[in-house]
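Look for subunit A in each of the two complexes below; its partner is subunit B in the first and subunit C in the second.
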Partner chain A sequence: MHRVLGDRRAIAILLGPALLVYSLIMLVPIVWSLGYSFTKGNTIDGFSGNGAANFSRLFDDPAVRDALWFTLKYAAIVTVGQVVAGYLLALLYVFFLKKSSALIRTLAFFPVVLPTVAVGLLFQKFFQVAPQTGPVNSLLNAVGLDSIDFFGSAGSAFWVLIVMDIWRSMGFYAVLLFAGLVDIPDEVLESARLDGASGLRLIRHIVLPLSLPVLMSSLIFSINGTLKVFDSVVALTNGGPGNGTTPLTLYMFQTSFTYSDYGYGSTIALLLTVVCLLVSLVVYRVSQRDITEG
Partner chain B sequence: MAIDTPVKTSAGRWSRGPSGNTGPSRRARAPRRLWVKIVVTLLLVVEIYPLIWMFLTSLKSNDDYLNNSTWSLPTTWEWGNYSEAWTTGHLGLYVQNSLLAVLPALALMLLLGTAAGFALQIMVWKGRSLTLLVFLAGMMVPPQMILLPLFTVYFQAGLSGTLWPLILTYTGTGLPLTVFMMATYYRTVPRELFEAATIDGAGILRAFWTISVPLVRNALLTVGLVQFFFIWNDLLIALTFTNNQDLRTIQVGLLNFTGDFGATQYGPLFAAICINVFGTLLIYLFLNQKVMKGLTSGAVKG
Partner chain C sequence: MSLRMPRVRRARLSLFTAGTASLALLTSACGGSGAGSSAAPKEFSYLSVTENTTVKTALTTMSKGACKSANDALPLKVETVPQASLDQKLQLLAGQDALPVQFAAGNAPALTQQLEKSGKVADLEKELKSLGVLDQLEPAAVSTIKALYGGKVEVLPYEYNIEGIFYNKKLFQENGIAVPGTWDELVAGAAKLDAKDVQPFSASGQQGWPITRLVSTYLYRSLGPDALQKVADGKAKLTDPEYVKAAEEIAALGKEGYFGKGVGSIDYDTAMNQFLNGKAAMFYMGSWALANISDAKQNKVGAENVGFMPFPAVAGGEGSVDQYPSNVGLGITLGAKSFDKKTGEWVSCIAKNYGSTALKDHGSISGFKVNTEVKDANEVTAQVRDTIGASKQNVLWFEALFSTKATTVSQTNAAGLVGGSMSPEQFMKTVQDALAAQ
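On to the complex of A and B.
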């Protein structure tokens, strides 16, 4: 019965091209990039062996430490911010807006599809102080505060970046989590209400535990994206001031293309990959445990 | 298999209604309190106002932008900013480049991904779940890991001055998600359909093309939309492989927009941002439910 569906020639014809392209564009370069980590040089000038020098440099490089710290800090704050803001919105949709939430959901989702470069430039102008006072600063002026040069220091630029990325994505997580909340059976909520649970208590003891699985998968998805942040940073601050807002991705890019050091660039890319895998693994482990216990 | 479950349930959730409208109607009828309205208004202002501000600013002249309050309406409505951005700012060229890179990549990715999804889900053979896992692994790896070797290959193959590096890289990096999503959609198609068809004398390859592809038409549109947004909005890959000004995609072009005029021309700059935004807005206006459904179901892959 499975003879036609097990036709090897047909499988090869259907799967072959995709597998070939995927291997050539993704798998082979990954291994190749590992090899680059042990070299020095670039495509134009040629490569030469460099032993493990890139790795010892990696451990001593203060710029790597800064970039790694920035990446982790950014990923942690934005991931939590995105998911919490999205969850609050989803609760708003389900428990307060009810049927009329479709339009709001659609509107709040919209920034998700906007090109990051456009959003980055928009926020740059929105928060700017010179040559023209942007809306945020003129709002500050209106309530009697002084303008803040948001992009003048790494600290404030970092927060603009956080605000921007949460602004961009909370509508997305709201829809994702909304789907999970709608799945909670009515009977459960009704009987909890009969037992006297209401408001915050209902949410904390009934809704939150029941939506834990979809919360966890949102977290995993989110952290996987935020660790790889690149576009937002490049468009908003380009890593500055100085290298105050430079994540690993951007440091790798600059090392490779501004300083033409492909070997060291590959080593940083490898570090980034390892960090992504480790963090995903940890979050996945923790979430599995929480779901089975909760 | 851990990866299977969330998608199934998510497909189930969404299949209830096109916009998920059915759910909350039955929840307790708390009186509509004032603060809900305030929160919603605030939310809409925060989400929408920056876009309105951007649009109004795109119609201001440089003097108007620099000297008048940022809240004011344009004193004169400078629609010419748009043609300025399109021609002097080369945005027209960038849009054309983007289309020339995105559309072939999209077509190639969907064709290869659908065939592979079919082979992995409908066809029966040993090692198919392992193969699917190999594809899935590609979604975890940061693109930084493949840029440098690809750059070398494209350079040595003499492809550097063309859009081919973009087309090939987009196809390759988009395949994991496409294959995974198409395989998921094929799960809802019964195998018996193809067994019956092949008994009628059609080869399995024909059955794939004439029976299965029309069946997953909707899925193709959804996946296509998701991938379109990913590729259209991509900066990293475009920035890496377009070392020539004439090859810039819209995102790279916009990033370097200020440099193309002598001094920064704010009107055309905002007009360029608007053109970039309105392209996606237009698609979203007509297909928002599909976009929302596609992007969120693409997310529940963890």
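On to the complex of A and C.
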């Protein structure tokens, strides 16, 4: 075995097919798309060179600015929300429910398995004001408040989206972080307790530092997912009202496939890629430093 | 390892196998059939949207009756996609040269014209003439098509609609409202209804177009029938004060709450149901709604209680009330390359028989001549058919001459205009910017 893996040609043979397939379905389209960003046109009219016009348009387009701001705002809030809610749930499982957490774990995980479209429809009905008054507005009416048209303004639609996405994914992060917490040796906790640490102090000084690596991976995981949010927005608001809840991904999709401007769509995709890359880099740097210190 | 192959040969062999495998994978994934419109068609394939059931059902009926011989030669095959994904599907099919024989040609005329320019759409005027059935198209429908598609007949008039305001006669009578002839009377009537807790209008903000239609028709009444052509030609801007005025008037209706609660969440069917259940007094809609109005199961107020009026006049305006906004529904066209003799047989059979089949079975008015006399289902249908027959000059709708981007922008922001989250100036500016962007 060692002899086989020590042989460069053998490695090339073993890795070659996978690398080839990966290049064909991942790298080639990326480069291809990069090429498209210098063109104008679509599959019907054909493509023609457009120089750097798409890039200068990218900087002038207020819709791109709105979409980028929305994406960053959404990613920051949902990432923090998902991971914090997940972490709190995980702490609940480990320290309070202990062995009897299976039922709660299953219930909290349940939304993760639901299809996004179904969750979107569920929340639409939940927060709707017309044609029927939804449960949330009924509750507001019951305490003497007026109904709110949650999907009528970008601000309230944004918060419904945030609540929905945190609810939908916190169970997943809870399980992920639960695995990290379970890994903390009982002896460490026991000795900390003997030294007098309990409650919040135990969590702050023992549990948090020891679960930091898994917390950081959750963060990276989450931020990359939320920057690329698409399905939940389409299912809940379809980017509306107006373009009030349109992230970069949806704007890119609309530009390419609805307005049939593949070139500019590719340019927006490139911007999204750069944003993802930068954010990952920052999170990675921060996490490296923290882990070594912690 | 019992097989003792020299290492080098083994390596080459594996590399070769891997390479061939990936190549095979690649060709099977990207190759596609590529067939379709380039070769002689084997089926009368028809791609349409899921939402529209009339054309599909009427064609199926005809394939078993009047067009049986055409169907035997080239069997009808219907495929549908949701309307929202039609444009994407068309672009992909056009890119692969695999458009069906007959297809719904996009949600905006702009896409149809793009397809036409790249030679994917048959020259229907020429084809219909050579088949000798051009006279089977109503002249009014032909002129609407030409106005929409740059002077060419690029689609068949499977529908011919005029638009106006359907109203609930009973609610009007109970509240002492006469059919309004001017915009001010309409607004006053709406205020009267609202005071009595009757919702004046039902409209789908989710679709958006039922609201932008109000803006455009107001524009046609106030500035005349060329109001939006001027915008398309760049001679006027939507941000000009006289254009913004129209948006202001419609926004004012919304501000008063005349469209009811949460107009942005109201979908097409809900808006229709609100009117047909007597919950709203007026409903701006096209004549295609006659199918729903004539259906006793859907229409709880009864067809006899539904009236149709033109969009009222605007005081001092240059347009007149008999200029009805008109359209041919979702444009349905035929591919250029697949138009052969067998397809021609189908097309001439459709031209001769579709008008009466659609009217008889579905109460749907098309732009084809009705060759077998059909008795009108109710008074309002008769009224609309007479109006269509008598109309001399028609106008288009708000987004008719817009790019697909401006169309989407206009329709997705319409709910904001009447919901108050967007000012009339902002709305018109957003749409004008989208128009300028392409």
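Details
The criterion applied here is as follows: the second predicted complex is superposed on the first by the 272 of 294 C-alpha atoms of A that agree within 3 Å, B and C clash if a C-alpha of one lies under 4 Å from a C-alpha of the other, contacts with A are read in each partner's own complex, and residues count from 1 in each chain.
By definition in this document, a residue touches a chain if its C-beta (ideal position, glycine included) is under 8 Å from a C-beta of that chain, and two chains touch if they have at least 3 such contacts.
These numbers were taken from a predicted model, which means no experiment stands behind them.
By the touch criterion stated above, A:V188 is placed in contact with neither subunit B nor subunit C.
By the touch criterion defined above, A:F178 reaches subunit B but does not reach subunit C. By the touch criterion stated above, A:N243 is placed in contact with subunit C alone, subunit B being left untouched. More residues of subunit A are touched by B (comparison of subunit B with subunit C). Once the two complexes are laid over each other on the shared chain, residue contacts for A:S147 go to subunit C alone; subunit B is not touched.
Look at A:L24: by the touch rule set out above, it reaches both subunit B and subunit C. Of the two partner chains placed by the overlay, only subunit B lies in contact with A:W167; subunit C stays clear of it.
By the document's definition of touching, neither partner reaches A:L281: not subunit B, not subunit C. Of the two partner chains, neither subunit B nor subunit C is touched by A:A52. Of the two partner chains, subunit C is the only one that A:Y259 touches; subunit B does not reach it. In the superposition on chain A, the residues of subunit A contacted by subunit B and by subunit C overlap at 10, 13, 17, 21, 24, 43-44, 131, 257. Residue ranges of subunit C in contact with subunit A, taken from their complex: 7, 11, 14-15, 18-19, 21-22, 25-26, 87-88, 91-92, 94-95, 111, 114-115, 117-118, 120, 260-266, 270, 273-274, 403-405, 408-409, 412-413, 415-416, 419, 421-422, 430, 433, 437-438.
Subunit B makes touch with subunit A in their complex at residues 6, 9-10, 13-14, 16, 19-28, 30, 32, 36, 39-40, 43-44, 46-48, 50-51, 53-54, 57, 65-66, 69-71, 108, 112-113, 115-116, 118-120, 122-125, 131, 134-135, 138, 140-153, 155-156, 168-169, 171-173, 175-176, 179, 191, 194-195, 198, 203-205, 208, 229, 232-236, 239-240, 250-251, 254-255, 266, 269-270, 273, 276-277, 280-281, 283-284, 288-289, 291-292, 295-296, 299-302. Interface residues of subunit A, counted against subunit C in their complex, comprise 9-10, 12-13, 16-17, 20-21, 24, 42-46, 61-62, 124, 128-131, 147, 149, 151-154, 238-244, 254-255, 257-261.
Of all residues in subunit A, those touching subunit B in their complex are 1-2, 4-8, 10-11, 13-15, 17-19, 21-22, 24-30, 32-33, 36, 43-44, 89, 92-99, 101-102, 104-118, 121-123, 125-126, 131-135, 138, 167, 171-172, 175-176, 178-183, 186, 189, 193, 213-214, 217-218, 220-221, 224, 227-228, 230-231, 234-235, 249, 252-253, 256-257, 262, 265-266, 268-270, 272-273, 276-277, 280, 284.
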